[in-house]
Every structure is written in C-alpha cells, then in structure tokens.
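Structures for review follow.
Consider the two complexes below, in which subunit A is the common component and subunit B and subunit C are the respective partners.
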Partner chain A sequence: MTWGLFSASVRFGGRAALDGLSLVAARSQVTVLIGGDGAGKSTALRALLGLVPLAGGDVSRPGKTEIGYVPAFGGIYPDLTVAENLAFSGRAFEIASHDLTDRSTQILERIGLDGVEHRLGGHLSGGMQRKLAVALALLHRPRLLVLDEPTTGIDPVSRAQLWRVISGEAASGTAVVVSTTYVNEAQRAHAVTLLDRGHAIVAGSPDEVIAAIPGAVGALRQSTQPSGPDPSWLRGRTWRIWAPDAHLPPEAQAIQPDFNDAVIVAELDHDVMRGR
Partner chain B sequence: MWAMIVKEFRELRRDRRTLAMMIVLPVLMLVIFGYAANFTVSKIPTVVVGPLAQVVSEHLHLPFDVVGVDPDETRSRAETQLRDNKAVVAVVTGEGPITFLMDGTQLFSVQTAETALGRMVQSARAAGETPPAFSIQILYNPKLNTSWVLVPGLAGLILVFIGTLITSLGVVRERQAGTLEQLAVMPFRPWDVIAGKIIPYLAVASFDLVVIIALGAGLFGVPFAGNVAVFALGAFLFLLVTLGLGVLISTVSQNQGQAIQLAFMIMLPQILLSGLIFPISSMHVGVRWIAYILPLSYFIEISRSVMLKATPITALWQPLGLLALLGVIVLGLAVVRFRRDLAPSSQTAIPLAEITDEAA
Partner chain C sequence: MGHLAQAHSVTVRFGAVTAVDSADLAVDAGEVIGLLGANGAGKTTLLLSLLGLVRPSAGAALLFGGAPSTVSRRRVGYVPQTLGLYNDMTVEENWTFTCRAFKQRRPIPATIADAAGELVRDLPLGLQRRVAFAAAFSHDPELLVLDEPTSGVSPLSAARLWADIRAAANAGSGVLVTTHNMEEAEQCDHLVVMVEGKVVAHGDAEAVIGRRAVVEVRCADWRRAYQVLDAAGYVVQAKGTTLRVPAPRLEVERVLDDAIIEARVDVAPANLEEAFVAIVSGASPS
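Entry: the complex of A and B
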C-alpha cells in the first residue's frame, strides 16, 4: 500500500498548476513539500486529498476516516470554543464521548493548548489557531496526516512545539505530508520535495538533496556581493557562491554545503536549465 | 490624490459585481420598477350569477372584466369563486337588490371597483335615469385592513431573508474559514453536509414564521381562517426554494460581501415584483412575467388565500405545484454545485484508492 501522487498533473484553466508530480506519503515518515509562494504546494496536497481533480496521473490515499487535514488558512470554527471544535470533529469521526474527552485533554496538552478549552476559536492568537487546527486533524488518529503550512506565521517556540508533535505522529506510524516555506523545517523530514511552478526540481532525503548538488559551493568573507558570472547569495555574514562547472574563483574557499545551500543551488540550477 | 483616484478606478474595474451593481442595476431597476410600480387596477376579474346574470353582465364595463356568467348559480357558488381566486368581484342577481361581493384581500381592486360603481351611479343620475339598487359586501377583509394583507406577504419576505441571505452567509462563512475543504475530507457524505447545513436554517425560519403569524394575530388581529397543514406545505416548499437560492448564491461567492451583494440582487425584485406591494395584475405586461418566476409571488398567493380566505388545497394546486417545481430546479442546481465543492474529484481519485487498498 503506497499513498501519494504518481505523475500527477492539475490544470487550472489553461495553466498547469502541477506538472507530472510524484510524491510518496510513506508510513512512519515525514515528507516535506518545500517551495516558494505559488510553487504548487497547496495544490499538490489538495490533489493528494482529492480536493482538486487530476488532469493526468494517479493518486492513492486511505479512506476519509483515516485522513487528517489542516488547510493553509483557518480550518477551525471561530465561533465555537476550543472544546466545541474538538467535539464537532469527534462526532464527525464517530469517536465515543468518553474517548473524546481523554483524547482531547491529551492532544491539547501535547500541543500546548491546555487551559484554553473554553475560549472561542476566533479569540485565539494566530499561532494558537494553527495549533488547534492541527489538534483537530490529529483527534481521530489518522493514518495519513496532511498539513498545509501549519507553522506559517507562528512564533519559533510554538513552531518547535508543533514539529515535536508532527515528528511524534510519524514515529507512531502515521504517514505525514507537510508543506512549508521554511527551509530549516524541511531538514527534519525523512523525504523532501522541492517544488517550483508545479515541478519537482529535486526530491530525496535531506542528505541526498545535499549530495545531489552539481558543481561546487564556496564561501567568501567580504561585505560586497562577488562580481563574477557565478550566482552568489548571502548567508549570515558570508557570501556563498556556486560554480556550476566546479571551478570556484580563487578568492572563494570551497565548503561542504548544508541543506540550506542545497535548496538554493537546486533552485538556481533549475533557473539555469530553464534559461533564466 | 490623483494616485488614489486612479487606484480606486482600477480596483473598481476589477470588481465586476460592484460595477454591475453601480451601473447596470440602477438602470434595470428604474425600467423594471417604473413599469411595475402601479396601484391602478385596469381589469377586475368578475363573475355574475343568478337569474339576471346575462342582463347585468351586459351593463358591466371595464374595470369589471366579466370572466363568467352563470344564471343557474347562486351566491354560494359566487363566494367559492372569490375564495378560490377565480374572480375578485362576484355579482349576485335575483330577488331584491343586486349584491356585489368583493374579495377584501385585493385592496386596490376593491377600491377601484367601489369607485367605478360610484361613477356608474353618478352618470346614471346625470342622464336622468334611476340607478339600479345594489349593495356591496366585502368578504375576508371587510374593513380593508392593509395589515391583514401585508402580514402574510411579510411572512414570506422574512422567509426569503432567512432562506436566501442567512443561509448563503452561513455556507460562505464555512468556505472563508477554510472549513468547507475540511468537511470535504471528513467522513461525511455530501448530502450529510448539505442537509446538516440547511436543516438548522429551515428550523429557525419555521420558528420565525410561527412568531410572525402570532404577532400578526396579536398586534393587528390578522385572522388565520384556513388549514394549517396547507399553509405549512406552502411554507415548506417555499423554504426549499429560498434555501436552495441561498446555497446557490454561496457556491458562486468567495466571501460574505459577495454573498450579500447577490442575495440583495435576488431579494429586491421579490420585494417589489411579487405582489407584496403592487398588485401583479396592474404591472406592465413587459415586467409581469418576472413576477411569475419569483417564488415569493406564489407563496404570497398561498399565504393570503389560506390565512384570510380559507382557500382549500384543491384551489391552490397551481401555486403549490409551481413552488414544488421551482424547489426541485433551484435546490437540485444548488446541490449539484455544492457537491462539486465537496467532492470535486471523487470520480478519479477514490476508485484508485480502493484498488490500491485491495492490492495491499
């Protein structure tokens, strides 16, 4: 049983939003979709869930009772309290009421929302609302958990807390698919797919993504951007430079690129291939 | 400032609905309502019964539009004709003075008829003739209370308000909150979601309806002469149409502002063209057909007839049937569109998932 997208294409009008994307949602693994705004992350997740029809390719997923989903925006009822939001999800998934109380308490504690049971969803802060959305998606213990940018716009402490919960879910056997715009979050994944305009430009484990970097990456300790033809970017106080032909300029010192560099190089490489 | 003006016009140009509301709607309304806004009744459907029916009918001229002459029938038959909306005025001839029975639920027609009779008497006297003796009896609303006629119509208007506006807002709120997508992923059948979304509004609207009628009776003495079940059937069918319209609006609106705009465009014609204020029969032929596609027109006919005249179901099959037809069309369309939101790719995705599960 393999869940995921297989050479899936989605078209909106004449525009290809997904173009032959394959994405495996494996059990006990966190699969991260990473890419800029408009790269097709949400579309890919929605295609996986059957919320948008495919123009080509295949999709497979478990039945609805085994899916948990957090959409990119909202996903909670602002006019219901936290407890009422959980009660609605519980009833929808036919969780017995005594079970529901236990599970709700447990999840709220794990996710850091204990003590706000009686506050209205709409009165929670942005970060707390995202946490509640994740709690709602976890309540029925899904086998496939799909999270669309669950950490966007929330503080670093809450992000760390959410990722602990997400990793914990995977550790207990759930197939987790998460989209994010934060590269450092993708580093925690078992598998990463970097999306650009509906294409997967690189896919694999974070180590495989680093290993797949073509050419060479160097570091430059200078305050101004290097002037050569090779593309460069600022990391902290140092400039990074990427030489596709592996011939770094003499002033650059070759370094072992990290995942962050790897993602940038993959995007640059893709741009070069596209002739930008 | 110039930058602001240019920006504002650019935004306005992109917001097609607002643009339509600002330019097309006023023009359309002026034309439609100009032709619809007419209290003058030019034709009053009239039946004449009794031994002198033929003679009397020959002396009746417009606004009396004689639609039936039956010398063999009596007063009770004439009353049935009024009760069943076949005529607004019934002339009963026989021994003694002629009696003009008038349907008091048709305020403007009755007023026009009375004026016309007064004029006939005057012109007869002016010509030196003795006008025939006659009496006028106004049935169902003898004091011609405006509130008696308005309350059954307002009940309908409030159902339109709840059914169309509040329902569409409820569904759009779900879309805006991102929860509609979640519902699509949850183990609900589309029908569960649709019914679960509509039934609460149906309940609230039914409760409101009871309150309005009780208030109408308490404050204005509006009677409820007819069969409650017939009224309830009419209200139920009408609510299905308005709730369907609400869901339909929600499927083409991305946010509550758009839903309100659309609901407003649907509600305004119902207020002005359904016979609530202006009699449908007085409207210009060019706009009268609009009244006949508005569900409120049929509900008003049913509610006024049942509440004030105790019209039986046998005489109301036409408005009931048309409401049922509108209900099937509108609700059907709404369900089809809403289902598309809830299960957009069920045809392609689920069978494969099942195959994969079986293979595993």
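Entry: the complex of A and C
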C-alpha cells in the first residue's frame, strides 16, 4: 500500500487551497514540501493526515497509532516539564513504562535535550520547543512521520540535530514528510515537491529538479538588474538570468544552475504559464 | 571616511553575565554585513549597543562616528522580523503614516504600488516584507538593520527582496543583517560569527568556511551506512542518499570497513552551514 495524496483537492469556502496535488510518502524516504508562506504546505500535510476533508482525489495513510505529527505551531504541553511531556504522550500511546523510560532517554540525548528534563515546556527556547515536539512525535515509533516546518526560526546547530533525527528515522524505515521554507533543507530530501498556491509546480529528486530546467541559465556580474525580456534575480553580487528559449544575451555567461536556481526558475516558469 | 557603525572592543555585562565580550564590527557604505550566531550568542545585544539602546560596560559603540543618540538613530532604518507594520491599515496608509513620522511626503514606490489599496494582513508574507522594507527605506537611511529579512518566503520572493536590499546598498547605504538562516548569510558580502559573546570568525563566506571539509559517503545501501556511522557517534547529514560526515576520512573509512560496507568515500569542501556548526561547536578547521 502506497501512502500519500493522489490528485487531492481541498477547498476552503470558494478558494482552492490544494489543487490536484499528488505526493507519495514512501518508506525509508524523506519527502520535502517546499514553498513560501501561504503556498499550501500545511494544508497538504493536514490533508495527508485526514485533518481536512478532500473536495476531490484520494488519500492513503496508516492507522492513527502509526502516525507521528508535529504541527507548525505548538505540539507540546507548555505547562508540563519535558519529562512530563514525554510521560503524558507515552501514556496516550500506551507505551509500556520501562520501554518509555529507555526510549525517552535515548531520544532526548539524540535530539540534544538531555539535561533539561525538569524544565517546563513553555520555558524552553523556540528551538528547544520544536525539538521537544519532534521527540514527542517519535516516541511511539510511527511508520509515517509528518513534520510541519520543524526547523523554522531555529539556529543551525539545532537544525543539524533535528535533521540527524529526521534522516535517522528514514534510515530505519519510517516514511518521513517534512515541510520547509528553506531551499538548503529541500536538498536533503529524496523527493521534493515545490508548492505555489496549492499547485505542485515541480517535483522529483533534487537532481531531477535541476535537470528539468527548460532553456538556459546565465550569470552576469553587474550592479543594476539586466534589462530585456528574460527574467533575472540576484545571488550575492551576481545576477542570474534565465532564457526560456536557451538564447542567453551575449554579455551573460552560461552556468550550470544549482538547486536554488532551479527552484526560482520553476517559480518563474509557473508565473509565465499563469500569464503574469 | 569613517564607518557608518562601529563596535570597538565592545563588552556588555548584565550582572554576572557577559553578553558581549570585546566584540569588533564595522559597517561601511555600500556593504552588506551578515551577523551570525546561535541563539544567545550576543547578536541582539551587540546590535542594541550600536543603536545606543544598551550601554557598553567597556569599549566603544559608534554610530556615524559618534555616540549613538536620538538624532543619529533617525538615520537608521530598522526592519524587525515581526515587520512592525499596521496590519489593519492598507499598504498606502502604512506608507503615508511612515512618511509623515519622518515629516516627508513621497509617492508610494513602484515595488508595492500594485497592492496600495489592500490591507497589510491580507497580503502574502513576501509582499508584507517588501512593504516593511519600503517603509524602512523611505527616509533614505544611511544604515539599514534587518532581522532575518527573507525568512518564510518562497525562493523567488526572497530573490526579489534581496534585489531591494542590494539596490539600497548600491545607492550608498550600509546594511547589517542579523540571521541564522545560512541562505541569507550567503547573500552577504562579509560575515561576522559570534559565539558566547565573542567574534570568533569573520570574512566572506569562503573565508569563514576556510579549509573545513566533510567526508562524503556514497553506497548502495545508504540506510545501513547511516545507521553504522550514526551509532559510531557522528552527526551524519544525509543529502538525498549521499551522506556528509564531519570527521577525518580515515576514521570514516575504518568505521565502514569494520561494518563491511563498500562505499565511495570522498573529501568535499564544507558548506557554510556545516562550517558554522563546526565553528559554534568549537571544532578547529581540519
């Protein structure tokens, strides 16, 4: 049985929040949903979990006790200590107490929360709260792990610790679906879907996303934005220019685009198709 | 010409806690400086000292060559992460309000004119950020201070915001970006990395990375290789099915050999994020 969304649509009132999205949550894989604020990432994850009804299409997922979920906000009990958070979640999932103690100790150490067992959840820093939320979602060894922006706003050290845990879960056979606004993080995925206003505008492995760029990408080192019809964007002090017909202006130097360029081109291409 | 803002051996103590410890920093016209550090590293305190909102216990914080004051602070444009816009007012009302506060009357900029009549709270985050930038840039500040200016927006929106920031720098402003988003750090000309109140590294991204390297592992069964290296205590970062390990090559090869895993092992330059984690964790460049 393949878990995922299949041509799924979600409507909020008259607005299409998701429009025919397909997303496979494969075992032993990290699937990343990337997009800006309002792209539909949370809606897609909630549709996968059955928390919002589909207006069309299908969804498939394991039973509730086999799913771990970290929502975009919260996911912890702020008035309980870290240890109490774990004990409470463990009991909710009916984990035997001796197993729970071992599992809790092991997860806290891996995720970098050992030593703060007796602090209140609500008194932890933002990054530590996110780590605690992920720890709680892992406690019952879910087969499908769904994380909604687990790393937004946290520092790179905590980010590395969280990704160590996320990749480790996939390595041990869990299907992991993660949303993020960071392009760098999407490159950690086995499969990436770029969302824009409820549409998947590109999907595949990071290498496939790069290979799918139509036309040519060039670099121009100048201070002002290049004129002319081809879209351009800034990377550091260098402009990138995308020629959909592969005819770059003579002053541009053709380059091998990276994943960041590929995602921007996909967004530009989508805008062109929408006639903007 | 002097620096727009300069911290000269600034130390800030709060009781027994040293938040900033002999930190040096300079922002010049036309330059985009990225101030990096983990939470609690002292970035915000150093920034507040440059703006005159926290008094250094030792050293000197200078704004436009003198002690920071109400008058010199008016020459600074600041965009907090929370943006500081009036959400229940339209874009145009926000613009006019900001201009009046600086006793100015100016037409709304082209970057946000299309959304003039819309309430700020109805706009996508990328456009809200452009409005906040326009408002902060409206009085032609000589120094811009931006906190995570592009976090949370799509890559294309982020690129458009960086075009706005770069245009301000090209027009002669100095820009100070505080962030722990390495994508933003990569857009800056010069980086300053703080750990526990001290400046521990500075230079462009290449200089901060230095000779730091990671070991890349490619093999048929990435999962098993991951589990073996992870169990050996390494903080392995998976990039698809390629594993990146911050450890000496020989060590990694030995762990894989002991587990009888056949793999291709290469040494690759660290990226900025990996270098940052190594610096903050106190590892020396290998």
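Just so we're on the same page, the second predicted complex is superposed on the first by the 276 of 276 C-alpha atoms of A that agree within 3 Å, B and C clash if a C-alpha of one lies under 4 Å from a C-alpha of the other, contacts with A are read in each partner's own complex, and residues count from 1 in each chain.
The criterion applied here is as follows: a contact is a pair of C-beta atoms (placed from the backbone, for glycine too) under 8 Å apart; a residue touches a chain by one contact, two chains touch by 3 or more.
Bear in mind that the values here come from a model prediction, so they are computed numbers and not experimental data.
When both complexes are superposed on subunit A, subunit B and subunit C fit side by side without a clash.
In the superposed model, the vertex angle subunit B-subunit A-subunit C (Cα centres) comes to 100 degrees (nearest 10). After overlaying the two complexes on the shared chain, residue contacts for A:Gly40 are found with neither subunit B nor subunit C.
In the overlay built on the shared chain, the residue A:Tyr77 is in contact with subunit B alone; subunit C does not reach it.
In the superposed model, A:Ser172 makes contact with subunit C only, not with subunit B. Residue contacts after overlaying the shared chain place A:Pro156 against subunit C, while subunit B stays out of touching range.
By the touch criterion defined above, A:Val30 reaches subunit C but does not reach subunit B. Once the two complexes are laid over each other on the shared chain, residue contacts for A:Phe93 go to subunit B alone; subunit C is not touched.
Looking at the shared chain after the overlay, A:Ile67 reaches subunit B, while subunit C stays out of its contact range. Counting the residues of subunit A that each partner touches, subunit B and subunit C differ, and the larger count belongs to C. With chain A used as the common frame, subunit B approaches subunit C to a shortest CA-CA distance of 6 Å. Across the complex, subunit B is touched by residues 1-3, 46-47, 49-54, 58-65, 67, 69, 71-78, 89, 92-94, 136 of subunit A. Listing the residues of subunit C that touch subunit A in their complex gives 37-40, 124-126, 148, 151-157, 159-160, 162-163, 166, 170, 180-183, 186-187, 189, 222-224, 226-227, 230, 235-241, 271, 273, 276-277, 280-281.
Contact residues on subunit A toward subunit C in their complex (touch as defined above): 28, 30, 35-39, 125-127, 152-161, 163-164, 167-168, 170-173, 181-184, 187-190, 196, 205-207, 223-225, 233-237, 260, 263-264, 267-268, 271. On subunit B, the positions that touch subunit A within their shared complex are 176-179, 181-182, 184-188, 343-350, 352-353, 356-357, 359-360.
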